[in-house]
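Read through the structures below before going on.
Two complexes, one shared chain (subunit A), two partners (subunit B, subunit C).
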Partner chain A sequence: MSGDVPSPLTALDRPNSYIGRAVPRPNLKRLTEGRGEYVSDISLPRMVHVVYVRSPHAHARIVSIDATAAKAAKGVVAVVTGAEIAQVCTPWVGVLSHMVGLKSAPQHPIAVDRACWQGEAVAAVVARTRALAEDAAALVEVEYEPLTPVTDMMTALDPETPVIHESLGDNLAFERNFSGGDPASAFAASDHVIEADFGFGRHTGVTLEPRAMVADFNPGTGRLTAYLGTQAPHMIQNILSIHLAMPESAIRVVCKDVGGSFGIKVHVYADEMATAALSKLLQRPVKFVADRLESFLTDIHARDHRVKGKVGVMADGTITAFEIDDVTGIGPYSVYPRTSAVEANQVVNLTGGPYTCPNYKARARVVFQNKNVTCQYRAVGHPIATAVTEGLVDLAAQKIGMDPVEIRRKNLVRDDAYPCASATGLKFEALSHHAALDKLLAMMDYPRLRAEQAEMRKKGVHRGIGFASFIEITNPGAAFYGVGGARISSQDGAVVRLDAAGAVTVQTSATEQGQGTEAVIAQVVATAVGVPLERVRVISGDTDQTPYGGGTWASRAAGIGGEAAWQAGKALRENVLAVAGAILQAEAGTLDVREGAVVDADTGRERMPLTELGRIVYFRPDTLPTGFQAELMAVRHYVPRGYPFAFTNGVQASYLEVEDGFVKLLGHWVVEDCGTILNPQLVDEQVRGGVVQGLGGALFEHCVYDSEGQLQNASMADYLVPMACEMPDIQVGHVVSPTADSELGAKGAGEAGTAGAPAAVMNAINDALSPFGAVVTDMPFTPDRILGALRAAKAAQGA
Partner chain B sequence: MKPAPFAYAKARSVAHAVELLSAHDDARIIAGGQSLVAMLNMRLAAPEILIDINDIPGLSEVSVEDGFLRIGALVRYAQAQRSPLVSTHAPLIARAIPHVAHAAIRSRGTLGGSVAFADPAAEMPACMLALGARIVIAGVDGEREVAIDDFFKGLYETAIGPAEMLVALRLPLHGPSRRVAFGEYARRRGDYAMVGLAATARAQGAGLADVRLAYFSVGLNAVRAQGAEAALEAGDVEGAVAALDGDLDPDGDIHASRDTKMHLAGALLRRVAAELSEAAQ
Partner chain C sequence: MTAAQMEHEITLTVNGFAVSERVEARRHLADFLREDLGLTGTHIGCEHGVCGACTVLVDGEITRSCLTLAVQCEGKSVTTIEGISDSGAVADLQEAFRARNALQCGYCTPGMVITASVLLDAEEMPDREEIRDHISGNYCRCTGYHAIVDAVETTLKARAEAGR
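For the complex of A and B:
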């Protein structure tokens, strides 16, 4: 799809630019040869392994813990309870001040007197090996007094439902009400008002590499080194410092290779805090690697929303008003420090976002329950807001007999209307809904697909086409967390250094999770400085080594970390040219750096290779003019200031067949606008990976709990991740509207796929089912649910 | 997810394996290990000793003997899939194997292990039932054969005694008038089936005789749908679908409700009935 990338000449179009090129990632060979270094590969002298004894009950008082047998078992170093850990690690409360009214209860690394979900740790067993620790864990005798679990989020607020945390008074963590325009009058004046209830199952991230930590407290230095697969090393440094009562400078967080994150690894986990505390307690390295069962029980879950939706429409297709009422269950605690209220808040913010409709009413309630916690996972809130919005828009179109494309054309914000704001006050700098839709229709050959659909329907084959337009929040500034009091940097930095041999080293605060951050940073720096890509080496993920910054989340690594790297690279080039000017007795402005050499800017004639410049600077500075000091290391930081977020937009389409309750995906198309495309291959694969995770939520993935709060499918056999055999070809195209907030103009691309895919599939299934009068709105769309909807429709028609 | 400690013994022969089984109250045989190892790691099973039969000579052969296709206990799915004897004499097995899990699992997993383990959602027990196989079992007193209709005894329970092991599957040879068909519904390719059906019949004029319909993932074991078999023999496909209400009594699970299983069982039967009526296979 490289043909999609337009090439107007900008500041980025330096000779031999790597920007906009699909260059191979520098870590590719290392990782594909099995030479990556993940946390589970780390083995330190005197290292011991911790296994957590976890509550089998969703809600239970811990009456007693008898560790006598476990402590005597082979290889056991210690058995530690919640009360003992509480002596070295303080509890936390996951709230943010700008989420007005958000409340939660103190959470300990290991439950102290009460377990609040199935899987919460109640004791730690430390032993020489993982296997010995598991053997001993089976010997820890915990006496529980089971308490009534709160599992149904729809009744969590009922007066007869027990309150999980007495001190909070009720099970309501957060509520937000919004009204914009005049929704009541708009609904009253509408030709039609359509209502529907949407359900979004709980699912989780299923990272290829599970969460893992090696915590190494060194009593000699008083420092703790935490090797952790995390998206935000500096955030973790701060949190460990607060709760272990150690200065930040005494904590080093090292993040080597990470086998996927998707938002799972940006939170504070009780068992990781306990691992750090154990290392401090035992004064030796402690390793924790979650096994897959623990991952399902303790990695954050996401979604679990039920949304009542309503849309008003005129006979001509004008959408008059949206209304939603969202309930979401977040488990027993709001997750620290980003909180579990963000997803519901995003649903309120984003619903109706692509459309001009100014009348909007919303309520969101976030409730506690005795299940695993939920928090931010890829495309936070977006798939929900998009599915509700796009589901309602399609139902409105169906009601008035309008093609789903036409109703979108009529109501999507015009491409020349920017800058503008949404009903909820989201500020849009420049979006391209109509251009994206035009491009999508051409890519999928919409008229041909409609003709094919009609032809197949005659043969009794039921195919459907579904669309989803969406907006996506990327490049967040301080508005997400900083303003709420969380010490989570929204700024990123880069240090770029030219060595004597002409090599360039970049230290970046952006982090690599497998998505290709290192590649993008290297491309940007190679272009900015003017050196071949292979001369650039990127260092990331080490709080002792890299600039202080945010890391990787909310689609920010390329847009924010990339811009910092660009500015630092440019600054280094200026410094190089100042040296070159002094050596060559030329005006620095007449020179440039290209392909690793200083050249005449006009002619490109080589004047001096950087290796020679480096030799002079480092080994013969005596030959430079008196008073001239070369600076071959440059530092720059960046945070977007013009807009709180860089919104992107896109549109997706799904083509599928429904038979016997099964959905066969035949094709999927995406056009998205992430501004400047730094590496088209990485962007396309981000989009494809995102689509697959969106399709997972729509069709397969579901953390199924029973009414007692027991997770029914905590294994890879029963929790269905989307697999290649069921995935369609995913065609990706682009429209490019760079943000003027940065010189690179790059916005985020990590979540667009996940944001739109579930809505597109839902609409396509409902298009396929339309001859039967059946509608599905409860994800995941399983054969049970599709066959159930068909039976219900048949019964309704028979009645 | 580390197994509880267990002892390990490598059996040199069937007799040695049976001797080891007799000597321990809580022993498990390991062949391909594709179900057992996962159970061990999740500590759903914690046997005292594992008896490894992988090195026993003579159990990895596919052969034709006495008018039967004999499949040794150590024959792997991948081996059976490549075997011309299997495709010629047991085309039902050849059709079913691609539905069994994924390539890596088929490389280690054995047909015999699947039959001995008797997972109600697995393909091989149902294929054996449809084919009318005979299961060869060895014990301290030598070998005995059990007809498949007498083999399955309940959830993960079979006619194999505590000190016995399965040594071979014996299948009647495919012939010119034999018809076979196989189908299953799974949420994803390679998953355990929500409902599956292995079927055999004999073509008789334009119709079918000796129909055997073996459903799996609808009960504690693979199960025959005898009402539907009779209806198919009478040439009544829709009558056969209707008869499933009496033949099958599935419980719902997290992947499919009872209603869904019954719907899919009917859909499979229509597909399989059409396949059985195809020209010579």
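For the complex of A and C:
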């Protein structure tokens, strides 16, 4: 179990501080007892169930839909087509104005005349039960005229490839070119230039609870309540308002327990928009729960990049230049409203980021194809940028015969170099690459592992050690979405209230999907106000009840939502002390609140419990001085302003064995610097969970499409995710470099594990394969691919 | 009407209570528990027997309720997370999950707790690798499993200690 990490900051060093303590989350007992309330558990009076008829073709014109038999089937309430839904819900286009040149086509909740990927909804069947809706859906007769699907992203821009959306002119959604420093001269002057192609398979989040929604339009109030496991309730409120032509105030988004999100549940989904529209159309609650096949076909996919990489290096190990050329396929539409160009943009931004090298050239092209859409999933772009960078760095080290640790020591940005900026202009406030690497090496006992590796190699056992240093974007301000015109709040807020009985209630716009947001908010508020943690209750995930804010994504809940809660808690304490001063005839500044009581700040002597203060304020305000109004509710908001993002850094190491193409993970180490650690156990578990999702993408997870755009493995039996027996124990350590942008100094920790793990594993596999001269760079690293690389190496040596 | 849609009367025991219901032949046990009995602690993740979220005990054996038809449970005794929680039989394991943060979103947790529960009475103390093997039929997408293995191991050790 993680030990407590005392806060390094005196500003947070309150008596009985909960900051830095590994206290358990408040909601876990009920979840261990099956007393959660997930959207799939919700049942409302008059509720009906929708099932979507989905296109079996990757690209097809819808010639006709005959719903006669379905409409006559038992229990059916309605069968609704795309054209009918379009009367209630307008289409959208997923672009952002700061992504210059990004284009996409209008997307409807249900396809109107053309289906553009296998799984796009073409009709909705609404019935009394899910089973009856499925029975009737089988009776809907759709006549399709199949069109040529565009499936290979590498040929999507070729002149002979059909254009998916005629109005757009071509299949290029977005292109970005960057050049910094003088890469051409730097490569020309390098002792060695090493090139490699990297592949990143499509994978998806596989949230264990599939996407689900209950949309409840009540004609009596004119309001729509959307029960949705979303990460961004106010964003969804805004989007529903725009496309259903209802005022925002008429829409309430409620987010109860969420069965996994990982970025999957931060987007606008066509079938969820359709469900809301159906509720408005039918004037009753409509429930949609994706089954697992639908999840694979319609939950956003991610990655699917091919990157040509190039690095220049001097014989002494100095890295001189990086160059990348990235192509990614995003499906037929850019996802709304965050767009599908962000991942490629991040790959351009982040590649080479941990290193001092100023010479960098990059191109990224984002292309349309007739597959499911891709969009932001945990660590957006980071696993790709990190694997390309760290793969190239290891190949460079191998070329010049340098230890992978040494080449990193030589080139990582020095710990005393901050503040500084990357070649692409990313601003770094305070990072700790070298301290993190030193700590990692100590944790893993690097010399011992190298000795063990050598011993095992003598016995014909091939083990490898791989490293990955990385940077991670957290705590985004408005730079991500707001500046591009998306109405996604970068600010979060907290309302903190002291009740008559001395209990504290916090309403926060940060949301909880299992990370522990509510726990850290409670810890921060209990500390700021000065009450025992058990007295604090946190309310989140309800646009009717919480401040307007962004929610939980891009590793922002603790850093931004937490700071708002900290400031609100401090404001409430000031208000409490003003009341106490008036009652006790004392200067407020001589008093403090500790452990739920007003005390003398100097001696800690108790002057009055908060229960007594609450009694006086609420029931005997007549005894307070004339003209004095107690305010036992405080609100504060926060958005980072000093830096566009609070970068974190870290380093990971993987130790593994390769046998017959299979990879057995023996150990994994992470050192992470996420600034002030509010709850070490929760940070460590975010890191561990993130690592395993990264390992999944590196070793197993792959949405395999055939050339016709048919997903070949849309079941959990065929799409492999990490199982307990395949995963190692994961050791996590920390370096603490707080951000000065906030008083708490906390940065995000939710995605760092996923950012670095694939690169570390890739480098470890290649270290294991090095005696054979084989190299793998195409994820996932399946036994087939590893054996293929070994065969290729053997053939090359034989030739 | 197809044979799958034909209704049958079934009588079984659920969490110690006798239950008699009419169900369609095609109704799987997970839907029967959730939809007909309101026992929503049993979760549905894949409905093809892979993820383990729907794990319950049928006559004491861990069982995928999504691969079991309700009609197959005629005369049997089904225990769900609600029953095992009310009985307090694995309260120590549940507390270990809470203390160790061995759950994040909590969706896999009822199935994970039930699967782990049958390990608690093992004759031989399983090591971490054996714990990992035992829970490998239950997917968790949040934790990376390390904390779950810790929680199970802590509970096993505490029980072994208490049994001495």
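In the analysis below, the second predicted complex is superposed on the first by the 790 of 799 C-alpha atoms of A that agree within 3 Å, B and C clash if a C-alpha of one lies under 4 Å from a C-alpha of the other, contacts with A are read in each partner's own complex, and residues count from 1 in each chain.
Please note the rule applied: a contact is a pair of C-beta atoms (placed from the backbone, for glycine too) under 8 Å apart; a residue touches a chain by one contact, two chains touch by 3 or more.
These numbers come from a predicted model, not from an experiment.
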**OP:** Give one of first, second, both or neither to describe whether A:M723 is in contact with subunit B, with subunit C, with both, or with none.
**Re:** both
**OP:** State whether A:Q712 touches subunit B only (first), subunit C only (second), both chains, or neither.
**Re:** first
**OP:** With the two complexes superposed on chain A, say which partner A:T590 touches: subunit B (first), subunit C (second), both, or neither.
**Re:** neither
Original post:
Of the partners subunit B and subunit C, which touch A:T623 in the superposed model: first, second, both, neither?
Top reply: neither
**OP:** Applying the touch criterion given at the start, work out whether A:R292 contacts subunit B, subunit C, both or neither, answering first, second, both or neither.
**Re:** both
Subject >> Partner chain in contact with A:R791 - subunit B first, subunit C second, else both or neither >> reply: first
**OP:** Check whether A:S249 is in contact with subunit B, with subunit C, with both or with neither, and answer first, second, both or neither.
**Re:** neither
Original post:
Just subunit B (first), just subunit C (second), both, or neither: which does A:A131 touch?
Top reply: both
Original post:
Per the overlay, which chain contacts more subunit A residues, subunit B or subunit C?
Top reply: C
Original post:
Looking at the overlay, what does A:G205 touch: subunit B (first), subunit C (second), both, or neither?
Top reply: second
**OP:** Show which residues of subunit A both subunit B and subunit C reach, each in its own complex.
**Re:** 131, 135, 291-292, 715, 717, 722-723, 725-726
Original post:
If you look only at subunit A, which of its residues touch subunit C in the complex?
Top reply: 1, 24-25, 27-29, 31-38, 40-41, 129, 131, 135, 205-210, 257-262, 291-292, 513-516, 681-682, 685, 688-693, 715-717, 721-727, 729-730, 753
Original post:
For subunit B, which residues count as touching subunit A in their complex?
Top reply: 1-5, 38, 42-43, 185, 187-192, 194, 254-257, 259-260, 263-264, 267
**OP:** Show which residues of subunit C lie in contact with subunit A when the two form their complex.
**Re:** 5, 24, 26-27, 34-35, 39-48, 50-51, 53, 80-82, 85, 94, 97-101, 103-110, 113, 128-129, 131-133, 135-150
Original post:
In the complex of these two chains, what residues of subunit A are touching subunit B?
Top reply: 130-131, 134-135, 138, 291-293, 660-662, 700, 704, 712-713, 715, 717-718, 720, 722-723, 725-726, 782-784, 787-788, 791
